[in-house]
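Take this structure first; my questions come after.
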Amino acid sequence: MQMVNETGWKPKIVAFCCNWCSYAGADLAGSGRLSYPADIKIIRVPCSCRVNPLFILRAFERGADGVILCGCHPGDCHYTSGNYYARRRMTMLFSMLDYLGIERGRTRVEWVSAAEGAKFSATMNDFAKTITELGENRKLGDLRCKK
Amino acid sequence: MQKIGVFVCWCGSNIAATVDVEAVAEAVKNEPGVVFSANYQYMCSAAGQKLIQDAIHEHHLTGIVVCSCSPRMHEATFRKTAESAGLNPYMVEIANIREQCSWIHKDKEEATAKAIVLAKAAISKLRNDTPLQAGTSAVTKRCLVIGGGIAGIQTALDVADAGYEVDIVEQRPTIGGRMAQLDKTFPTLDCAACILTPKMVEASQNEKINIISYAKVEKVSGFVGSFKATIRKKARFVDETKCTGCSLCTTKCPSRKGKNEFNMNLDNRGAIYIPFAQAIPNVAVIDPEQCIKLKTGKCGLCEKVCSAGAINYKQEDELIEREYGAIVVATGFKPIDPSPLNEFGYADNADVVTSLEFERLMNAAGPTKGTLLRPSDGKHPKTIVFIQCVGSRCEENTKRGKPYCSKICCMYTAKHAMLVREKYPDTDVHVFYIDVRTPGKNFDEFYRRAAEQYGVDYIKGMVGKVAKEGDKLMVQGSDLINNEQVHIAADMVVLATAIEPDPTARSIGTMLTASMDTNDFFTEAHPKLRPVESPTAGIFLSGVAQGPKDIPETVAQAGAAASKVIGLLAKDHLVTNPCVAQSNELMCNGCSQCEKVCPYGAITYVEKEVRGPGVREVRRVAQVNPAVCQGCGACTVTCPSGAMDLKGFSNKQILAEVDAICRW
Amino acid sequence: MIYSYYPGCTLKDRAKQLDICARKSAEALGITLQELPNWQCCGAVYPQVTDEIASRLSAVRALQSAEGGKLVTMCSACHHVLKRTAYDWNADENFRTKAANYLAEDGGYDGATEVVHFLEVLRDEVGFDELKKKVVNPLTGRKIGAFYGCMVLRPGKVLAFDDPENPTIIEDFIKAIGATPVKYPYRNECCGAYVALEDKGSAEHQVDRALNSAMDAGCDELITACPLCMYNLVENATAHKLPVKYFTELLAEALGVKEG
Amino acid sequence: MENNAKFLTETALRISGVNPRKCMKCGKCSGTCPNYDAMEYHPHQFVAMVEKGQIEKLMQSKSIYLCLSCMACVERCPRGVEPGKLVEAVRLMQIRQQDKNHKGARDIPEFADESVPQQLLMAAMRKYRK
C-alpha cells in the first residue's frame, strides 16, 4: 500500500521515534503486520527530547513533506520528563513553521506506547493521508540540494 | 575514510519474501565508504556471525551495517560479533528492514526500495560514528537505608545477609517505625511487637548492620556506586556506649510535660525517656525542649541516678561522612491530621480519635495498659463508630484530603472492630464505609468474619457530622442501603484517616534527585517492571515511601529492594553506557540551561581553563558525569550554543540519517 | 479608615439594631462607613446556577457603586450574595460578559471591589488585640456562643471568611470584647432559613437542635450576624430559649456606645 | 433515554455546572443534610437520578422546596460534586415553566408578621417563583 495522488507524486515523511516507547510500538506494529505507507521512514532517537528543532528544519530543507515526532505518553517517559520538553519545544517550533508557511498538518507530535502497535499504524496511516492531501511541500526546500 | 561492510539478512523468508535482499546488497555497494556487501539467510546464526567476522578481518572493516530485524532484538548480538572480531562495538548500525519494512509491506518493489533507503540511512549514520568506550566506575560496597521501620529493617537484614555493610539512619531515637506502634496485625491477629521486635534485635545484633538512630541524612552527593552522604546524629545527651537501658532515669525525671510521641501524644513522658520497652538501641534520650537541666541549669537528677555515668549534658550533634554504593529510601508514612475535616469533630473532642491513636488505646503497652478506655473521662465506651475513608479518595487539589485510596484502612478497621467485639462483647460497633476493599490473601474472609461472626454493623454510607451532646457523640450519617439518615449516640468515634508520606520525604527526594509524585510518594523507575527502583540509578524504594502498602507487601518490597541492592553491590565496577552527553568546552558559554533540564543532576559547572584556537582563559563550563548521565539528550537541544552533544546519537549522525532519507 | 457600606434591606427595618450599633461602634473605632447611594436589595439568595444573570445584577451594581474599594457588609446574606457575585465577575467569563452588557449604560465595572464583612474588618483591619484595648465595658463573665450559620462560611473556597468546619473569628471577637466564647458543634449549621415560611416544623427542628447543642456546651446567650438566623433562633425555638443578639449590639455595649 | 428526559438532563447539567460522574456514591451529602428527613428525595439521589435522566420525578417532588440551601453538602463532598447546586437547578427548571410558581406574592401576607425579616420574604420569593 502506498499513498499516491493523481499525479503519481509520493510524499516523503520522516518519523522520529523514541527508543523506549514509540520505536517499540513500531516494532509491535511490524510483528502484528499492521501496515502503513512505505513513504514513512523512522529515525530512532533515545528520547523525544533528543529531537532538536533543527533536525525538523533540516528535513524540510532536504525535501521532506511531513515530519512526525513520537514519544512516550505524558507521565511515562523513560527519562521522567523528556516528552514534556519535547511537547513544549514542538509547540513553539510548529507555530513558527506555520508562520513560515509550512501548514500545521505537516508536523505532528503523537504519544505511542510500546504496547500500541495498532495506534502506531493508525497514526502513520492518518498522517500519511494528511500529507498526501496537502501535496508536495514547497516551502523551505533548499533547491541546491535537488538532484 | 571508513571501510564499511553491509550485511543483509533474509531472516529466512521473513525479509526475503518481500524484500529483494540481493538488490539491496547490490544497491548499497557503491555508497561512499562501502567496501563490502553480502546477504545471508540468518545473519544472527553462528554461520552468519562468522561471515561478518571474516569480512571484518578480510576487508579491514572499520564499521558494519546489518540490515535485519529491529535493533531492539539483535543490536547487542551484532555488537558482540563485531567486538570479538576486534571492532569497536559501537561501530555497528542496524537497518530495521523487518519490522519496519518486510512485515508491513506487501509489494516487493516498494519494500525493496524502502529497504535500500533504510540501509543508506544507516550507512550515512555509520560514516559519522566514532568508536565509543564504555567507562567503568567503582562500587562502594556499603548500603545506606534511610528509615528504620519494618521496610528499612527488612531491607537491611537482607542486604547484610548477603555480606554487605548496611547503615540504617533513623530519625527517631529507636528503630521500629509505625509497626512498633501497632497492637495486632491483620488478617492473622498476631501481635505486632511479637513479630517485629525479634527483627529489630536481629538487626541490632547483625555485625554488618550499623544503626544510626536519632539522626538524619543531611547531604548526599555522588552517583550510583559511589554516593557520599553526610549524616547528622543529634545529641541525645546520653552516651550510647555507656547507657544500659535500665530506665531508672526515666522514672526519676521530674519533668512530665513532654508528649509521648510513641503513644500518639495520648499521655506524657519524662524529659529523659526510652520510647518503649523494646526500643533499639535501648538507650535513653533527653528531649532538650523539656529538660529542666538543659533549660535552666538546675536539676541534674538523671545524672545522679545513673550508675553507668552515661548522662552527658554537653554532648553535641555529630556529623558522620560515609560512602555508599546504593541508597534505599524507606521513609514510611504518617496519618494525616484530620482536624481540618472538623465535621468529624476531631479538633474539638478527645473521644474522636484516629485509628493509630486507637491502636495505642488497645495496646497492652499503651497509655491505658490495653484496657479500652476513652480519653475524655476514662470510661469504657459502649458504642463505637468507625468512619472509613477520612481524607482518602478526595477530589484532587482540594483541601478535603488525598486523591488516593490509603489501602490499609478497610482491613485495620475490620481488625479494630473485631478486636473490640471480642474483648468487649457488650460494646456495639458500627462501621461507616464507602466500599470495603479487601484484595489480599485471606483479607475478604477476615472482613466477612468481622461482620458475620463478630456482629460488626457495617453501614454503607458516610458520616456528615459528629457533634458532642452531653457525654455522647452524636453521629449523623447516611445509610444508603436503607435510604435513611441514621443518628447514633456513640461514646467514641474512630477515624480511619488517610496516610501520607513522612514529612521528611520531600527533602530527601530532592537531596537524592529521586523523582516523586504530587503526593510526595517516590516514583518507581517503571510502574510494572521496575517497581522497587527509583529512575535515578542507585536509589531503591522500600515500603510506603513508594505508595500505600500493608505489612506483607512492605516486607516483600523491602526484600525486592534488597535483592536489587545486592545485585549492584556484587559488582566491583559498573559499566557505564557510553552513549552519554558531552560538552564541547570551547563552545560552552556557561549559561546553566543544560543543568536545569537534566533529570539526573548529571551536569555540573566548573571553573576551568579553556584552551583552543585563539582562546586561553578560565571560564565556567558544563561538565557531564558519564556515570550519572542516562543519555536522554534533553540537554543537547536546550544548549543555546550547540556545545552539548550526545555520543552515539550525535547531531551529525542524526542529520546524516535525515539527509539520507530526504534525498531529493 | 473609610469604607463603602452596604447595609441591606433588613437592616433598615427588622434588624435596625444590627445597623445602628455597627455605625456607632465603627465611629468609636475610628472607622467611617459610607453608605452606598441608591443601593438596591442584593437579592437575598444567591442563585446557584450559571444562567441566572439578572438576579445577580443588583449585586453587581453595588460592586460598581463601591468603585473598586472595600465594600463592607453587615448582614450574612448580603455578604454572601455580594461576595459570590464579585467572585463570579472575575472567575466566570460568561457571567461577566452578559452582566456587562446589562450594565453598559450605567458605566462599566472593573472587578476591583473587594467585599468584606464587618467582622473581617474587625479582625484584619482593626485587629482583635487593638479592639480589646478600646473596650471600655468588657463583658466579663458572660458565656456567649457564636451562631455562624451557613452564609458567611460556605462555600469556603469563595467566601474565604474562615475555616468553614472550625471557624474561630466570632469566638475571637467574643474574647476581644471581654466575654467567654463557648464553642458548640452546631454553630456552623443551618437555622432553617427561608423554609420556615412553608415548613415551620423543619425550621423548628434545626433551631432546637442548634439551641440544644449550644446550651449543652454551656452558652448563656448567642450572637449572630444574620437577621434570618436571628428570626429562626428566636421565633422557631420550641424546646429551649436563649437570648440572641446581633454581634454589633455586644460590640457597641463593650465600646460603651449603646443607647439605653 | 427518551428525548425529553435527555433535554432535561442536559439542561440541569448545563445550568448547575455539576458533573454527576464525579460522584463516588459515598453518601456523605445525605449524611450531612440537616433537612434529610423532610425530603422525599435526598441529596445523593438528586445526583444519581439526574445522571440517570429521572429529572421529572425530582421536579414533581416537594423535596426541591425543602433544600435549605445551606451548602453543607457542597462544602463537605469529598469529590467536589456539589449536590446542592443540582437541587437548585432542578427547582429552577420547575418554576421557570408556565404557571408553575410554587408560591406567589398573594400567599405571603397571611404569613408575614412584624417579626419576619424582609430577607426571608425576599429569599422565599426567589426560591418559590420565577
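Descriptive notes on the structure:
Order of writing sets the chain letters: A, B, C and D. Residues in each chain are counted from 1.
The rule we apply is simple: a residue touches a chain if its C-beta (ideal position, glycine included) is under 8 Å from a C-beta of that chain, and two chains touch if they have at least 3 such contacts.
Everything quoted here is computed from the prediction, not taken from an experiment.
The minimum number of touch steps separating chain B from chain D is 1.
Chains making contact with chain B as well as with chain C: D.
Separating the CA-averaged centres of chain A and chain D is a span of 52 Å.
As a whole-number value, the distance joining the C-alpha centres of chain C and chain D reads 24 Å.
Spacing of chain A relative to chain C, judged by their CA centroids, is 61 angstrom.
Centre-to-centre, using mean CA coordinates, chain A is 35 Å away from chain B.
Multi-chain contact residues of chain D, defined as those touching 2 or more other chains: 37, 72, 76. Multi-chain contact residues of chain C, defined as those touching 2 or more other chains: 156, 165, 189. For chain A, residues touching at least two other chains: there are none. All chain pairs that touch, listed by label, are A-B, B-C, B-D, C-D.
In the complex of the two chains, the chain C residues touching chain D come out as 8-10, 13-15, 41, 43-45, 47-52, 55, 75, 77, 150, 153-156, 164-165, 189-190, 192-199, 201-202, 205-206, 209, 227-228, 230-231, 234-235. By the touch criterion given at the top, residues 1-2, 12, 14, 19, 23-24, 26-27, 29-31, 33-36, 38, 41-47, 49-55, 58-59, 62-64, 78-82, 85, 89, 121, 145-147 of chain A touch chain B in their complex.
Of all residues in chain B, only 70-72, 96, 98-101, 103-107, 110-111, 113-114, 117-118, 121, 515, 523, 535, 579, 597, 599, 630-634, 636-638, 646, 649, 651, 654-655, 657-659, 661-664 touch chain A in the complex they form. If you check the complex, the residues on chain D that touch chain B are 22, 24-33, 36-37, 42, 44-45, 72-73, 76-80. Within the complex formed with chain D, the residues of chain B that make contact are 343, 389, 393-395, 398, 400-401, 432, 434, 460-465, 476-480, 483, 485.
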